[in-house]
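After this come two complexes, each holding subunit A, first together with subunit B and then together with subunit C.
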Partner chain A sequence: MVAGKVKRNELSTFLEAAKAAGYDVFAPARAAEGWAFVPYEGGEVDLDGYLLTTASVKGFVLPQLEAFLTYDDDDGRLVPTAESKLLVFGVRPCDARALALVDKVYRDRGFRDPQYLARRDNTLLVVWACDAPAPTCFCTSVGGGPADEAGADVIIYKSGDDLLLEGVSAKGEELLKAAKLEKVSDAELDEAKATYAKVAEAMTPLWDLEAVRPKLYENFDAAAWEEVASRCVSCGACTFVCPSCHCFDVVDEGKHGRGRRLRFWDACTQSLFTLHASGHNPRERASQRYRQRVLHKFYYFHENWGENLCVGCGRCVVACPTNVDIREAVTLVIGP
Partner chain B sequence: MAVEDEIRAKARELLASGKAEVVVGFVAGTVPLTARPALIKEAADADRLVWNRCCTPGLARYVLDYIRDRRKRRDFDAAKAKKVAVVAKPCDARALVTYIQENQFAPGDLFVVGVHCAPMVDRRKVFEEVGAYRLEEARVDGDAIVITTTDGGEERLPLGDYVDASCAVCARLEPPLADVTYGEAVAPPADADPYARVREHEARGSDERWAWLEEELGRCIRCYACRQVCPACYCEECFAEQRNPAWIGPATAEEDLVAFHLVRVFHTAGRCVECGECERACPMNIQLRVLSEKLVKDVAEKFGYVAGEDAEVSPPLATYKPDDPNEDFM
Partner chain C sequence: MEQKVANAALAETPLLPQPATLERVVVETAAADLKSFYLKFNDGRRWDYLPGQFAELSLYGYGEAPIGMASSPTEGDHLMFTVFNTGGAVSRALHRLAPGAKVGLRGPLGNTWPLEELRGKNATVIGGGFAFTTQRSLIKYILANRKDFAELTVVYGARSPGALLYKPELAEWEKSPELTLHLTVDKGDETWAGREGFVPTVVEEEKLSPDNAIALICGPPIMIKFTLPVMDKLGWRPEQIYTSLEMRMKCGVGMCGRCNVGPKYVCVDGPVFSFAELSKLPPEY
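What follows is the complex of A and B.
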């Protein structure tokens, strides 16, 4: 175990050490849209009132828009990604878990996406464990937790006036060693973790995932899908703020034998999703598209990768302009 | 009788008598200070309907979508079709008027349960003030928003400080189209200036205005929530998604974001009913109403026209008059 501690009001010693170790550091700050990860300019970080950033951490490794290929008559070339090392501080466990899930798609089987992997390998996530989850949080219902280590490199616990930092990946341990923080004892760390375990216990599970999964699929044709999605306006707010949605679309821009290939986030809730060139769309109705979203999160991804894709951050619940609520959708579709 | 009870009773009557096949209204939401759209089809479900200070979403688009949808049904018989009923705030009713002006449906297709509006609550402002992680429940009680926090505490916020920005200056309190109207209108303060933010924007120099556009629109994530909730944005195919020709790029390049929002808002000129849903729906909190309100102001000043007031009048951008302000205006 590699761990260390800093005073809560001296977190800058760690962030400065990360900068000295060659990382471009990002940290949460108040922004026009709520909270956002912004470049760390030095000084203490004020996280009073911080729950989640409005846009998730996903954009750091899977940007909403990127040119990934340029081509001309003779050749196609991958666009290289930046070499810089990135540290995102203050990531919530749900977001880090989401990246660990997205990793599977882009890394673990078949095609390994070079641009995604280059960015992911260069990114270090410092996770800020949750001691005050919101009523819209439901991580413990979907396999995560307020101090979940999945996807994290370093995880930070509050302990009185101290912040305890534990390395939970090789990258994270290396950084903590370089930062030379004050030592922390096993007992201290265990005690802090125990308080976070209580936070987890206080979050009432919404369902038993193992039971939910087959029922959702069995109820593929349930009328409840129409009921929950009748108010869906087919925008992409839920998918674009989601830390684990990872579908993209591709378009070529170019003429006269040269051009570039762009990839950009796609949204299954929008009406152009899976629209065929013929004009036919197998998911013509909003309810069919919303069902795709829920089943991808709670069923298909598990079929493919053995894990639940929804991480329970609750961003979609908050962002939806008409209050389509994925928690309620699952509950209604599986029925009593 | 409370407005909510009147709405429920009317909905029950409309559905039970077979006069209407659906009532588009609001039901309770799952997030504090949220009411959400619902299509009520059974008289027994009429009691699910709510009316409160959180009924912000626009319902006109649901009416339009419902009518478009049912026309596609094979067994649809226009002669026998029942009415589509809708609970309509003044801005909803104005949107319905624009649909009639634009020949999307006939007044006879509708039964409009008009509601005199009281200004709605800006949920985002309350969440920001209280902290999303602390906000367990909330309700409006007279002039206060009563908050229950996650630690079981109770706080009272003055409602007046948390009124939605569009509602706060809205003087159009009467639904221009209604079969019945319930409730009492609450007028905005006499000095409320609907164009305050526009005037601020107009006073900026061009560089500053551009910087403002970059700052605001630069946050856009192209989720199209603004477009999807906009009653005026009902094109079957939006220019933003046409790929042949591709008027703009598909994602978040800055020039595409600016182009998307400016073209979209110009398409709403003389049609925007000032509901404010674009701004409310935006997950990135972009001040979209500054753009739409600028056009509302220009249309009012140059053409003396207010959208959605009278179904018999042709909108200025659908007509030509010799004394229109610019001779090069198409």
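What follows is the complex of A and C.
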């Protein structure tokens, strides 16, 4: 185990050490709308009131818009990814878990996405364990938790005036060694973790998904889907803020033999997503599309990879302009 | 969950098309809305592929489209795609190309017609309209490996004589002792001395037997809808009947997320499914 500690008001010692180790550091800061990861410019970071960034961490490894290929005289070349190392500080456990899930799609099926994987390899996630979850948080209902290590490189626990940092991946341990922080004892770390276990316990799961998951699929034709999606305006906001929604569209920009091939986030809740050239659309109704989103998160992905694709961050609940709530959707469809 | 990937380029750079050159264009239908494109890779590479698989055809500046391979690997080192001009960006641009044009290819993608299942059995191909393309690949493959399969029966229907694909080959196959071909058109014209009628009717009249047989059916939804009950009456079981699904696709490698039917992705788990498999999936295709 590699771990260390810093005073809460001396976090800059760690962040500066990360910069010295060659990382471009990003940390949460108040932005026009909520919080955002912004370049760390030095000094102490004020995380008072920080719960979750409005946009998830996924944009660092799966950019909202990416020119992944350029072509010239019909000769196509992949665009090399930047070689700079990124450290994102203050990532919540749900976001880190989401990236570990997206990895499966871009790496583990047998087809490896070189640009995604290069960015993933170059990105270090310093996860800030949660001691005060938001009312919209439900990570413990979907397999995660306020101190979940999935996808994390370093995890930070609060302990009085100290922050305890533990390396939970090879790259995280390496960074902590280089940072030469004050030592932390096993007992201190265990004590801090115990307080987070209590936070987890207080987050009573909304459902026993292992027990109710089959019902979601059995109730594929349930009227409840219409009910839960009756307000859905197919805007896609839920998918864009979601840290694990990984679907993309591809478009060419520039004709006459020269240009760029772009990919950008796409949304299964929008009707063009599945529209065939013939005009046929297998998911033409908003309720069919919302059902797809919920079943992908809670059933289809689980069938393929043994995990829920929802990490319980609650961003979709907050972002929806018509108050569609994925928690209510699951509850309603599984029925009493 | 890991898939078998056909080649290293596809495994490591799945979204990068491999450059190929258009060698020949054949106008297949009277309306010229279907053309066959014969392609060869610029660096001489060959794909290790089997009937039923597809590729993403890439035209820089227009985009990509998933198209089933109509050639058989037994035919040499060219690949052939028969493409309907849907009016979409890619198919319309493709239809304007002349030999010498550069085209990108990603693949081979997806699974194959059930060749292992078919070994030693009777193969019953039932096709309609322009869905016949990967069935042509299968027929060519069976004819080239004739001893591995028992009887080959083909029912192929189109709206009109002019809409039939691969007419020179159909003429050969009609005379060949290697297979039984039942051609039909919805409505004939002055050039047509053959059968008139819909595919389900032909299947019924010819009493296509399910004994030791696998059926490969592909065509417009209306044809499949009316053929399946006929086959059921003839004693075919859902696990003996395979079809190939079409879905909107972008990546072809299970990443972009749009071609799923329930937990199955048509690009990597399909496009070929048996009706026994489909009966367990939601009807979202």
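The rule is simple: the second predicted complex is superposed on the first by the 334 of 336 C-alpha atoms of A that agree within 3 Å, B and C clash if a C-alpha of one lies under 4 Å from a C-alpha of the other, contacts with A are read in each partner's own complex, and residues count from 1 in each chain.
Everything that follows uses one rule, which is that a contact is a pair of C-beta atoms (placed from the backbone, for glycine too) under 8 Å apart; a residue touches a chain by one contact, two chains touch by 3 or more.
Quick caveat, the model's predicted, so the values are computed rather than measured.
K.L.:
Looking at the superposed three-chain arrangement on subunit A, would you call subunit B and subunit C a clash or a fit?
P.N.:
fit
K.L.:
Anyone got the angle at subunit A's C-alpha centre between subunit B and subunit C, nearest 10 degrees?
P.N.:
Superposed on A, the angle at subunit A reads 90 degrees.
K.L.:
After superposition on the shared chain, which partner residues are touched by A:His296: those of subunit B (first), subunit C (second), both, or neither?
P.N.:
second
K.L.:
Looking at the overlay, what does A:Glu33 touch: subunit B (first), subunit C (second), both, or neither?
P.N.:
The first partner, subunit B, only.
K.L.:
Pick one for A:Asp249: touches subunit B only (first), subunit C only (second), both, or neither.
P.N.:
both
K.L.:
Scan A:Gly110 for contacts with subunit B and subunit C and give back first, second, both or neither.
P.N.:
Touch status of A:Gly110: second partner only.
K.L.:
Is A:Asn304 in contact with subunit B, with subunit C, with both, or with neither (first, second, both, neither)?
P.N.:
second
K.L.:
Check the superposed model and tell me the shortest C-alpha distance between subunit B and subunit C, rounded to whole Å.
P.N.:
7
K.L.:
Which residues form the common part of the subunit A surface touched by subunit B and by subunit C?
P.N.:
249, 251
K.L.:
For a test of understanding, state which residues of subunit B touch subunit A in their complex under the given definition.
P.N.:
Checking each residue of subunit B against subunit A gives 29-32, 34, 36-39, 57, 61-62, 127-128, 131-136, 150, 215-216, 219, 221-225, 227-229, 241, 243, 246, 249-253, 277, 280-281, 283-286.
K.L.:
Could you please specify the touching residues of subunit A with respect to subunit B in the complex?
P.N.:
It is residues 32-34, 49, 51-52, 54-55, 64-65, 132-137, 230-231, 233-237, 239-241, 249, 251, 253, 262, 264-265, 267, 270, 272, 317-319, 321-323, 325, 327-328 of subunit A that touch subunit B.
K.L.:
Quick check: in the complex, which residue numbers of subunit A touch subunit C?
P.N.:
It comes out as residues 68-69, 71, 74-78, 104-106, 108-114, 217, 220, 246-252, 254-257, 259, 261, 263, 266, 268, 273-278, 282-283, 288, 292, 295-296, 299-301, 303-305.
K.L.:
Which bits of subunit C are touching subunit A when the two form their complex?
P.N.:
Residues 1-5, 10-17, 19, 58, 60-65, 86-88, 91, 102, 104, 246-248, 250-251, 253-263, 268, 282, 284-285 of subunit C touch subunit A in their complex.
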